[in-house]
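As structure tokens, here come the structures.
Next come two complexes built around subunit A: one with subunit B, the other with subunit C.
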Partner chain A sequence: MNLPPAPNAPKATPAAGSLAGIVGAASGQAPVFLLDVVRTNGDSFHWADAPFTTTPVHTGNTPAWAAGLLNPPPIWDNYYFPWLMNADGFHLYRTMQADSATLVVQNVTGNSLQRDVAGLLRGATFEGALFAFRIFQPESQEATFEYHGRLTLVSAGEMQCQFGTVPLFDEGNVDANPYEYSEMCQWTYAHPGCDDATNNPCQNTYSTCRQTNRFRGVLNTFQVNVGNGDTLAQIQTAVPNRARMF
Partner chain B sequence: MPAQNLTTANVGIPIPLAYGFNRITGNQLGFITNPPSTSTPPYPPMAGSFPLMQVGFWAGGEGEWDGPDSVFIFNSRMLAYSSNGTYIPPDPTTGTIPPDGSSDYTSPLVGTLNFFHFHPGVDAALNGHPDNAKQGLDSLWGWFKGLVTSLRYTRTAYWGIGWTPQIGSSPGAMTPVLDMRCMRCRIYDASGNQIGYQFTTNTIWHVVDMYLRRIVKPEYHIDATLGPDPLTDAERNCFRWDLIAAAADAFDALGFSGSYAFTAGGNVSAAVEQMLLVCRGYRQFPAGQLALYVDGPRDPVFTVAGAMLLPNSFQADESLVHQNPNRYIANWLETNLPAVCEIATISRSGSTTTITTTGPNPCAEHDFIVVGGVEDDRFDSGYWVQSVDDSGVITAIGGSAPDSTSSAGGFIGYLEARFSKRAAEAPPHQQHQMAMGQVLPPSAGGSRLKRVKVTYDYANSTWQQAMLVLLYERYRDIGADVAPYQPPQKVQLTLWSESVDTPGNILWKRAICGNVITLDETVFHEFAGLWEIVEVEPHGLQVDPLLQGGGEIPQPSANAGTIILTLQQWNAARFSVTAPVATASFQVVPGSFLFSGAGGTSWAVTGGTVTLTSASGPPSGTYEITVTWSGITGTAPAGGLLDYDDGGVAVYSNQFPIQVVIYDPTSEGGNCVSVYPSGSTPPGGSSVILTVASPPALAASASYTV
Partner chain C sequence: MPQTDIMNPTPHHPLNPDYSFQRKRPVTHLNQKAKLGAPYFRNLTDVGHQFLLNWMDRPVEAADELKWYYEQYRDGYFTWIDHEGGGRNYVGRFSSPVEPQPTAHNHWSIQMVTFDEVPGATMLQYPNRWDKDAIWQLLVSDFGDVMVATNGSWTLTANAAALSKYNWVGANTNTTDWAAYRYLGYGFQFWAYTGPAMGKANLVLDGTVLTTIDFYSAGSTQRVMLWQQLAVPLGVHLVQLVATNTKNGASSANTVAWDALKVMR
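Here is the complex of A and B:
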């Protein structure tokens, strides 16, 4: 195992222009904070704490809202609008505890009828939108910190809009056993497990299945029940209190 | 019309997800008892004379599973054997034991296994396409006389069984139990190329499968031949394959084995936590990619100096002491075979093996016993007990030791006893118990210990693995049980986020949970040393108008440009704990460890030939077969080529199936190919390169390219 260097050991000098040299410099260009967002409808947004242009992590469709911009960026996905006001509360764990953060964007710009972020929120939800947050060194065009997840709207006010974050993989909210033994097929119609190509969605029942070989359910089509030790329906035997006042 | 339920599926319960080796009862989907019949098809579905026939289907879990090792009905092992005692394995393609296989040696006491069909749980063929052999419509549906709708149970591992109770007995409906090799998993190299799709006991590949199956690519197709749909580039980029492959190799190097079944419908987080628990594993998401680690000795990656520290931000505590319990208890199901007695002497004469034991033994006629750990390891094998005399001397058939040989030592176990429930507690941590329980000063004499217990569930495991991981947890939580007690401490400090250490490491890049860092003496003289990062709180953006009382004047946040690190004292001694010596009741049969092999990243055979040559006689019964190998080359985990020496060994026709395996040449002396007959288990860390199901006929030979 490596030991820490002795106190008098000569210091290594990071190469000029290297990320270590840039980060460790006593003065220099401050990092910028970049936020890429892609909504589930495919619209992409790029926000930073200052106007900035660079290669994004996420790309997507230019939202319809951008058509009203006086000076739209030449390449939508490369330009970062200076809307990001706060990116904080990052807390990362070694355990299985979910990581978290808070992101705040301004809601001041717009026109006399509608503020930009409020209008975007009304147009389509940001719930579940993918995001990638970076602390970015402009000089070396390299991120020193990168964090991915999904957005959830905490509050939208007149001045700003606050998003919480959900972990990208969010294991705590995904069933390990999403499928059940059921008389209803467990597949989503036409997805790879089903693979029906007739473009005629079923009702997840065997009767409406057009790929019965792929029917993912069980059928209890022959049951006698009575006298075979099966559990019968539980009948309520408590006397109702009909004098009860509501 | 039979007055019974024919379709009996328990509905409304989760379809289990199972990895590694598990003992399974399954969800009974259908069951029928047919009276003796001599009629012709369609009822019964095949011509012939049949005794009373119970037929049923059971579902195991979500596919694709690998296959069964053993089938038990009424606690007796049910596997097809030919009339000369040769094991008839499941067909490797269809998973089917041939229906015409004689069952003379299955279990004469409780009944006869007539049919066993296994379906691994791939996707059935689409309508209009020919059935695939793996997930086709099972022919046993014919015994249900058209009364029920027959299904292929696509993507569900299930099996059909036809069984006849012993004449004169009245055992009721059969209740089969199976020892199963469960999920097949995709295996990748360090660049993210899929290099395997196979059964494995490597937990890292189980976790990868869980994330793929449930989160990254939940909608996919499992082809009967090609396996699961390949990942797209975008899906592949969700993983840090270099770190995952390294973790998989680290898992193999530890000799651990992961086996567990998730049946209760919990979430992925709980399942992954259970899986990682058995191997000291943890996971991180650097830059949004899944990275897996097996905790182990590692070097520090950053050195913190005093100049990086915000003034007065250093805090140390011993919160781990009062937060944690001190009685660490492990629960698991033993995957080795528990030993039932110790062997005094063992000898072979002709085809009969005679065993004496050091004490009483529970063996009885028709038992299938497993012998391991004999001084002459040629006796290590499975045997059928023919008789046990009044003094306890066992006479058995089977095994592969040469005629007129004898040896001593070893243990006997039963396959039925695998997966026995075990609970064991780590030795008491008296120092912690004293720290928690002091009421009177030490000068008052006596000790007042406070015992607080915690139980870890290690699923299907072994004494060795469970105790090693349990002691690791205890060491990490509350330290070594030595006086004076020095528990592991925690430290929280705030650093300037743009710190770069003397060798040029950037704090931003190194501040990842699980990394080990050095605090040098300029930080805090008394706390200088190695620490593990357990929490990271980076503070990013430099303006925070929220703090301005409603005003919108941007000002730097108080914590802008800093990172709070929570550290835990690092002591690599936690990796060198040794399991306590097991009590007699934990003794297992040596060599019975369930281990799938290296899991794909360790050994890859690139060429070679294995040849089996049968002797010419005798005309019936057991005969000798010479197994030779030549030109076998492989690739080592580090990428180097391995060239194995040519060699050979003799086995007998009643020892099939046999497994040809390779070992690490650095530990096995160079010639690393060996043959393991039925009933014996290759050692941990080896890889099976060839399985031969049945012997060549008399005076014949067979050659296999590996």
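Here is the complex of A and C:
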């Protein structure tokens, strides 16, 4: 026979899926989606799926657009306009891998001639804007989820504007040299950059190069060719045992 | 002049539809709303009124005539009068086919024919029941959104006596400043206040100057209808108040103002 717990016994956490668990999860205030955006010109925007006031993650300049508001927020960066229609697709992988999440903002408000968001998009770009998205618990005033990244504009329709997200470190946006730094020539033999027409492939080294004025490698003054009598080599003369670069 | 072709010119005309018929106003706007907070609204299209009409047990002549109206104006419009609705005119066409069915000897029934109002069509008689069919389009929506766009030197000034509780006040010191409102409907009335220090501005509808409004009056008066434009076809229209940098000779300043529009729907 199972006895009921003593009146002062600690309560067990309701099991997931149990009626007590479901009721407990559904009670209280629903969490709020908060989105802080600072675009590259320094303007800040704060959007949520409910009118909300709290401390922001990012702050910035009050956009010129706000001057047209009849009742602007007393502290621009603390008030979240209820413009965020949806936010989903945030997946974490414990690696640098990241999915592009979707942030949907309404594009309906504005005066009778122009939509607010359309005007903001036209005024300055949101491409690359820094953002912080939070799932915020109003009762505890804490974020249970926080995600930082940069925005990219996916679409701007007559009803909604959709932003995608890009990680803060996005290799695709990092400019890098198209070639490696190497003492080996980077041209493929007889490539127009090489332009050798003797039909006799080289070893991609300076010493085997027949078009030295076109040699595309980094010459060094550090290597001494052992056994060749040189005290300071200007170029590499030994053929390195490396894979060719084509 | 297809609007002069009136299908049912009198209340007892044989082509008046049977009771009951449905008068609809299809949705012409967008609605958006976040999880919490006020809804957002924006007019999008200029679809007009729509009627679902029935004619039961009519002679073949009536059936033929209705069919003719459908065939003749499939790519045009004619006038239909809602005699039950106060005699208001509508210009449009049957957008669903007229398909008479014989129900007895010389008895034909035509059911569920849709009459769609056509935007942009000239009307024989424009709607004019300002007290019943017209709506106020104020400077500020009930949710606090400023609805009139401005260019140049304009100031939104609180005014408890104004219809909008605010006025857009323009300095009117050049000829390029403007305030503008885009509305859906037919004609409109322009309302503002007048006073001894008020100037003149052009009232422009869809790029055409309707009149030059003189805001001057010896005493200050609120809520004055300064212009009424009745003959405007159904559509989305742009009303502009454009600065002229002029004033009445008796006035002491150029200032102009905008309080509200009353728009026929």
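The rule is short, and it goes like this: the second predicted complex is superposed on the first by the 141 of 246 C-alpha atoms of A that agree within 3 Å, B and C clash if a C-alpha of one lies under 4 Å from a C-alpha of the other, contacts with A are read in each partner's own complex, and residues count from 1 in each chain.
Keep this in mind: contacts are C-beta pairs under 8 Å (C-beta built on N, C-alpha and C of every residue); 3 or more make two chains touch, one makes a residue touch a chain.
Note that the structure is a prediction, hence the values are computed from the model and not measured.
*Asks:* Check whether A:71 is in contact with subunit B, with subunit C, with both or with neither, and answer first, second, both or neither.
*Replies:* Touch partner of A:71: subunit C, not subunit B.
*Asks:* In the superposed arrangement, does A:85 touch subunit B (first), subunit C (second), both or neither?
*Replies:* After superposition on chain A, A:85 lies in contact with both partners, subunit B and subunit C.
*Asks:* Counting only touches as set out at the top, which of subunit B and subunit C does A:174 meet: first, second, both, neither?
*Replies:* In the superposition, A:174 touches subunit B alone.
*Asks:* Applying the touch criterion given at the start, work out whether A:192 contacts subunit B, subunit C, both or neither, answering first, second, both or neither.
*Replies:* A:192 contacts subunit B only, not subunit C.
*Asks:* Applying the document's definition of touch, where does A:151 land relative to subunit B and subunit C: first, second, both, or neither?
*Replies:* In the superposition, A:151 touches no partner, neither subunit B nor subunit C.
*Asks:* With both complexes overlaid on chain A, does A:34 touch subunit B (first), subunit C (second), both or neither?
*Replies:* neither
*Asks:* Answer with first, second, both or neither: which of subunit B and subunit C does A:219 touch in the superposed model?
*Replies:* After superposing on A, A:219 lies in contact with subunit B but is clear of subunit C.
*Asks:* Check the contacts made with subunit A and report whether subunit B or subunit C touches more of its residues.
*Replies:* Comparing subunit B with subunit C, the partner touching more subunit A residues is B.
*Asks:* Can A:110 be said to touch subunit B (first), subunit C (second), both, or neither?
*Replies:* In the superposition, A:110 touches subunit C alone.
*Asks:* Does the superposition put A:183 against subunit B (first), subunit C (second), both, or neither?
*Replies:* In the superposition, A:183 touches subunit B alone.
*Asks:* Where on subunit A do the contacts with subunit B and the contacts with subunit C coincide?
*Replies:* Residues 30, 49, 84-85, 108, 159-160 of subunit A touch both subunit B and subunit C.
*Asks:* What part of subunit A is in contact with subunit C in the complex they form?
*Replies:* 30, 32, 48-51, 68-71, 82-85, 106, 108-115, 158-160
*Asks:* Name, in rising order, each residue of subunit C that touches subunit A in their complex.
*Replies:* Against subunit A, subunit C makes touches at 30-32, 34-38, 40-44, 137, 140, 144-149, 156, 180-183, 238.
*Asks:* Can you list the residues on subunit B that touch subunit A in the complex?
*Replies:* Touching subunit A from subunit B are residues 3-17, 27, 29, 59, 62, 123-127, 129, 131, 147-149, 151-156, 210-211, 214-216, 218-221, 229, 262-273, 282-288, 290, 297, 299-300, 303, 498-500, 502-506, 508-509, 512-514, 518, 520-521, 532-546, 552, 554, 557, 559, 572.
*Asks:* Show which residues of subunit A lie in contact with subunit B when the two form their complex.
*Replies:* 1-2, 4-5, 7, 9, 11-14, 18-20, 23-24, 30-31, 33, 49, 84-88, 90-96, 98-99, 104, 108, 132-133, 135, 143-149, 159-160, 167-183, 186, 188, 191-193, 195, 206, 210-225, 227-228, 230
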